[in-house]
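Structure in structure tokens, see below.
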Amino acid sequence: MASVLALFLRASVVLVCTALATFSLLWHAPGDPALAVAIARYQAVVPDAVLDQIRTEAGFNTGFWTAFASWLRPLLQGDFGQSAVTGRDVWPELVTAIGYTVPLAVLGLLIGLFFSIPLALLATKKPGGWLDRLAVALASIGAAIPAYWLGLLLILLFAVQLGWLPAMGARTSAHVILPALTLGLGVAASLTRILRSGLLEARGQSFLPAFRRRGISRRALERDHVAPHAAIPVITVFGLELAFLLEGAVMVEVIFARPGLGTFLVSAIEARDFPKVQAVVILTAVLFVTVNLLIDLLYRAIDPRIGERDA
Amino acid sequence: MEDVSLYLEPARTLAVVGESGAGKSTLIGATLGLVPCTTGQVTWAGASPRYIRPALVMQEPRSAFNPHLLLRRSVMEPCVAKRLQCDPSRLQRLCDGLEISTDLLDRRPSEVSIGQAQRVGILRALIAAPPLVLFDEPLSALDAVTQKHTARLIAELQAEEGFAAMIVTHDLGYAAAYADDIAVLRAGRIEEIGAAKAFVAEPKTAYGHRLRDAAFALGALERAA
Amino acid sequence: MRSVVVLSAVLLALALIGPLLAPHAPTAIDIPNRLSAPDADHWLGTDALGRDIMSRLLHGAKWTIGIAFLISLVGLLVGTLIGLVAALGGRVMDWVCMRTTDTFLAFPDLVAAVVIAGVLGAGTGSLIFALTITGWMRYARVARGIGLSLQNRGYVVQARLAGLSALAIARWHYIPALLPSLTVVWTGMFARAILGISALGFLGFGVQPPMPEWGSMLLDARIHMRSTPLQMIWPGLAVVCSVLAINLAGDALRDALAQNDDQIP
């Protein structure tokens, strides 16, 4: 119990640190932030009085800690602040962007599972056989292909040469196919690798034949020994793939001009709209830390030894 | 551990005997300053033993050496740490005393026998002339012939070098044959302490009797001693 | 180990010698010859400004591979240092170091690198900073893990008893034991750095034009996808080949280490 509390404490410490790191990066960014806001907002050089007004408004002229506190306090109540450029609330725009990213990520994950599960199962039927070597080769090449290049190649083939699928934007639901395929093929490469080694390891469990000899039924064996054993890698993979999906989504959305979180982030950086950048970064960190916390808790639920070891 | 008080004198050997779990390792850790004492203290001539850098000879001779390094480097470590220039003639003398050739030092731990490794371990313990040397089951990883040989070498070197020795062991036969004094450790307490000969002749406590009689029965201890 | 040494030597040689082999200057503009197809003079054709793509690729190796090498080495040093401080420095240092590591791991590293490089302003300096500061955590975790497992080894206890300084203990007893595993991590991080540099270059946050970096070459090529699709193939292929080679060498090393596991202390 104490160790579960420690996990929560650790997660909160990490979250506070991420907030601090993010804020201090943007606070110490080169250039006059007020000038950047003014240029983004008015597209022109403005008088000093306007700059001063922006500084007061955004809290640029207070100290670091005051500014940090006045950003963090509303954030804890779910208020992500206003865009430095448009002055509108960040949150509704963020929700719209998430609405584009989540289907892309889910579809990408499904495509990844669709390709990797059969491939891994076929490969481990005969370890070292030609199917296995093919799977390993595909996974290695897949891991080396950057998402942005794969995306461009898919656009070149399916949109430019064949003209089968739309590429840019997100007007129709068909627009999600190419980005999701780009993301999914990357996921498939890494999943095939992990599933393959997981399956090989599970088959090689030394205690299974001994249990079989003692007359324990195959079903009971699967339920009590194989399944929990396989659950831990599955949970780990879920955490890894989440990172992969988020990272991939950023690049893929930029390539396909899809108005999701990635495009939102990159255009906010380019416009130096720091409240938006902070919002995306903090949201990502919260998601990540929460998922990792859940994974840690699940590990402990499945295998109580993990908690003791990690004390 | 409670109520443990032990005294060590130069050129004398104290054997601490006890069964597994009696607190032998904790006693070693506390004496070396690796385990903090909650109450009480360990002193050498009034100061913490950390200043005299007592040396330790370990039970598992191979794991006491870094597998990546030549034995020579590991042996010289105490000198390097104290920024001492190691006298080659001293190294030669110790090697002669331990009956190992100096060529052995240009091998890696995996390339020597266990008995050789243990003697190199003793060499490292003695190289910087510490006033106190702890032996943690120094013979238990060795075969019977090597055990006897190594025990004799330790005793001879002690006579020559004059260090105080504390031998922690479960082997009462070894303790009786080579130690001046014997302390019996049981469940973290000193059960009894006294001269080795007196202990073998007539232990003061019931537990001491049981321990001695068990050693008689096993033939580890000779009645005549 | 040998495969990794040979491979990194080959890649480094490519980064160093590649520019010398280039038939043209990488930034020589030749507008009349723009977007030409491959021919005897321009083996891979020219780009939108008539610059020779082959020469730009060879010079690009210097930027992409060279910077990736630098970044992964600095990450190795920083990460190992933090991991060793965590393992050797007592409970408080351990807690501080590991929470710092967790904090940096709380973002997907490419997202963090994009934010840092973008906010600091486009340029090679911010690129290197962004990818280094997001690329040391795995080294730290591995170094700490192995470090903690070494703590109670006989020879480490002996070194502490002898009064060897923490620095000397790290130098003689920790680093040699860490090196094989850290090399495996290093191959992964080297490949990651190549992917990261070209990704940032592709987003326009990395090495700035007219310097030929593979990612930014891809960004240029993308606009002319319809007229000269081949132009887009080469830089991507260069990235894939280098990353694949590094990953395969890393796999081979890991398998070799797993086979003689008992030799690793």
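In this document, chain identifiers A, B and C correspond to the written order of the chains, with residue numbering beginning at 1 in each.
In the analysis below, a residue touches a chain if its C-beta (ideal position, glycine included) is under 8 Å from a C-beta of that chain, and two chains touch if they have at least 3 such contacts.
It should be emphasised that the depicted structure is a prediction, and the values quoted were computed from it without experimental measurement.
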item: Chain pair whose interface holds the most contacting C-beta pairs; value: A-C
item: Nearest-to-centre chain - CA centroid comparison; value: C
item: Chain separated most widely from subunit B, comparing mean CA positions; value: A
item: Rounded Å distance, subunit A centre to subunit C centre (Cα mean); value: 21
item: Length of the line joining the C-alpha centres of subunit A and subunit B, rounded to whole Å; value: 57
item: Centre-of-Cα separation between subunit C and subunit B, whole angstrom; value: 51
item: Of all residues in subunit B, those that touch subunit C in their complex; value: 32, 34, 53-56, 58, 60, 63-69, 73-74, 77-78, 80-82, 124, 128
item: Subunit C contact footprint on subunit A (complex, rising order); value: 10, 13-15, 17-18, 21, 25-26, 29-31, 140-141, 143-146, 148-149, 152-153, 155-156, 160-161, 243-244, 246-247, 250-251, 254, 265-266, 269-270, 272, 274, 277, 281, 284-285, 288-289
item: Subunit B partner contacts - residues on subunit C that touch it in the complex; value: 153-155, 157-165, 168, 172-173, 176-177, 263, 265
item: Footprint of subunit A on subunit C - complex, ascending; value: 99-100, 102-112, 114-116, 118-121, 191, 195, 198-199, 202-203, 205, 215, 218, 222, 225-226, 229, 232, 236, 239-241, 243-244, 247-248, 251
